[in-house]
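In what follows, structures are represented as structure tokens.
What follows is a pair of complexes built around chain A, which joins chain B in one and chain C in the other.
Right, the complex of A and B next:
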């Protein structure tokens, strides 16, 4: 869990992140979890950039979103990473990274 | 990891740059408020609701003031300290210092933090007097609300006094640093976001009195475990005062729930959402920028006041105020607030457990405190 075996350090500049970021299925799964946690209706429009705080999440909601993501994807999110997850895209990217590391460690 | 994972801290709070190699923050119950909202809200109680408190004046006289103890029946700090007018004084002081030598540094850190908090009493009396409808309009008002506030303040005043004198005599702490911390704290004040609103204010005090009773009860237990029965009795006596005060404030909110269930349940939910800030959240000693967080971390690790305690208090108040059964007179928003509150404690407990589990994986870190001459404790 949370192994230090990292791939190449990303040289991508921030403005490319959106295009090279996590797969749509991952983003969609994260959106589902967020909608459930925040009791949003199924047709609520979320975008990858949607910030949890803007969707009405307080810090307890954010912890619970992280816990739900951990359970769903079988990962462990370190506290300092958890603090940095403020949007759906950021969550999806982190999960991608952690799942990728799990895969390499296996 | 922080149990404040339950809550985020605003920049001016203790959530400062981490010291451990994992850059993980300590768990603690210092349930600090989420990042401050942009505008400061003031006088959020609609003026016509001040009438509720006017109408409760008779009730306050009957049901609140009797919870105060007559001064003649009250304990005083002297009851727990060497008698300075006696020729036994030096002997008693030596005995106190011998007992004090057996208490660990981390317990002193918590005792000092608690003492500093109690010594900032001017801030708390001020805070209550910011509340519309119940403030002491003259400084000697005969209105039962004002009588309550002054007498409450007077009872509380002994808490800081007894702890101050005990710590001074113990020889175990750097009193000058402690005194500076007190001066800084009184100068800083506190902002519990009660918006001059007595509904919010009395929810805050209900929670806070219980929290402080838990905390002093635990320091009493630890003092006893380390062989200082006198200190244990002093802390236990302080805790008993706090419990009695908690009873009083909870009764006020109970009345508000009876008279204005919708307004009251919305107020409880609002304060829980905003989180109950610790009174000493602006604590500083001029040395450690992370002082309050460090103090809170030690309190967490010692089990004096923890994230779980916070969840337990939420649960207690929900039961005490019978929120699960609250039905009549609720708006849609009120029902949502009630449901939020009824579900809150288990969620907080889960988050606290997670934070504690993650903290266990961290290396314990050493934190030095100016209060104990820069000696270090583990947190």
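Right, the complex of A and C next:
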């Protein structure tokens, strides 16, 4: 399903390719988990590009966020994938990809 | 089960954790095994002294506790800590089922209990010490997952705050009044 979606998008303007990589509600879910994990206040500004390190997370926090996302979306993130996650957008993209793969496998 | 992690000089985190509940005997065992520096399966540590009818558990323990003798560097130690943390987090659902913790605590609370324990040993800089702490942590994790512990152990060690009051796990401003809080800490 993920590939067809991307196939459709590429016929439109290339600008949209970025947005279709992760759905907005998924990004906001990820943001909620990050906020809860790092104990940020509700009015803290979180953009999809904000990096975990900028938000005050150390490396253990990052791993913990990835585990929380694993639990929330019922996916299993491989270790090498997990090393590359440094921002919210990357996390949402990876989740999207994994959920798409599981949808195909199931 | 929550252990420790290596800390790294310039970067953030990983910390090792020496669980206060570890008995000294396992500590010595860990030292001994660590110094042996061989990769044989008998390194299962606490598996050594058990009787023959515990062979299945021995196998389980040995399988899970296999740790290479030395971390070459802080980086590798950090990796080990994260691997351990991931393994612990992935075992949380089964732990909650074994001990019927669904009413008492959520998975994310257990996760933060684990990371809190790991952070306690943040300042450790020697990879060997970190390995030892990790070994202790793996042992604890195995004990918990193979149901060698009981529910009150888990609740007392990981769910409830250090002072033994459930209110302690939340922010300290909740609950009783100022007078009572001071009263609980001392007579004055």
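As a working rule, the second predicted complex is superposed on the first by the 86 of 106 C-alpha atoms of A that agree within 3 Å, B and C clash if a C-alpha of one lies under 4 Å from a C-alpha of the other, contacts with A are read in each partner's own complex, and residues count from 1 in each chain.
The rule is simple: a contact is a pair of C-beta atoms (placed from the backbone, for glycine too) under 8 Å apart; a residue touches a chain by one contact, two chains touch by 3 or more.
Predicted, not measured: the structure shown is a model, and the values here were computed from it.
Look at chain A after the overlay: chain B and chain C clash there.
Once the two complexes are laid over each other on the shared chain, residue contacts for A:91 go to neither chain B nor chain C. Partner contacting the larger number of chain A residues, of chain B and chain C: C.
Shared-chain residue A:46: touches no atom of chain B or chain C. Legend: residue contacts after superposition of the two complexes on their common chain; A:78 is shown touching chain B, with no touch to chain C. Within the superposed three-chain model, A:36 lies in touch with chain C and out of touch with chain B [touch as defined at top].
Using the contact criterion defined above for the overlaid structures, shared-chain residue A:27 touches neither chain B nor chain C, since it reaches no partner. Contacts of A:69 after superposition on the shared chain: neither chain B nor chain C is touched. The superposed model shows chain B running into chain C at a single listed stretch; among 218-226, 254-262 or 326-334 it is 218-226.
Counting contacts as defined above, chain A residues 58-60, 63-64, 67, 79, 82 meet chain B in one complex and chain C in the other.
Chain contact summary for the complex, chain C toward chain A: residues 5, 11-15, 78, 81-83, 85-86, 89-90, 92-93, 107-108, 111-112, 115, 118-119.
Residue ranges on chain A touching chain C, taken from their complex, read 36, 53, 57-61, 63-64, 67-68, 70-71, 79, 82.
Touching chain A in their complex are the following residues of chain B: 1-2, 4-8, 18, 22-25, 34, 273, 347-348, 350-351, 354-355, 358. Put simply, chain A touches chain B in their complex at residues 58-60, 63-64, 67, 78-80, 82.
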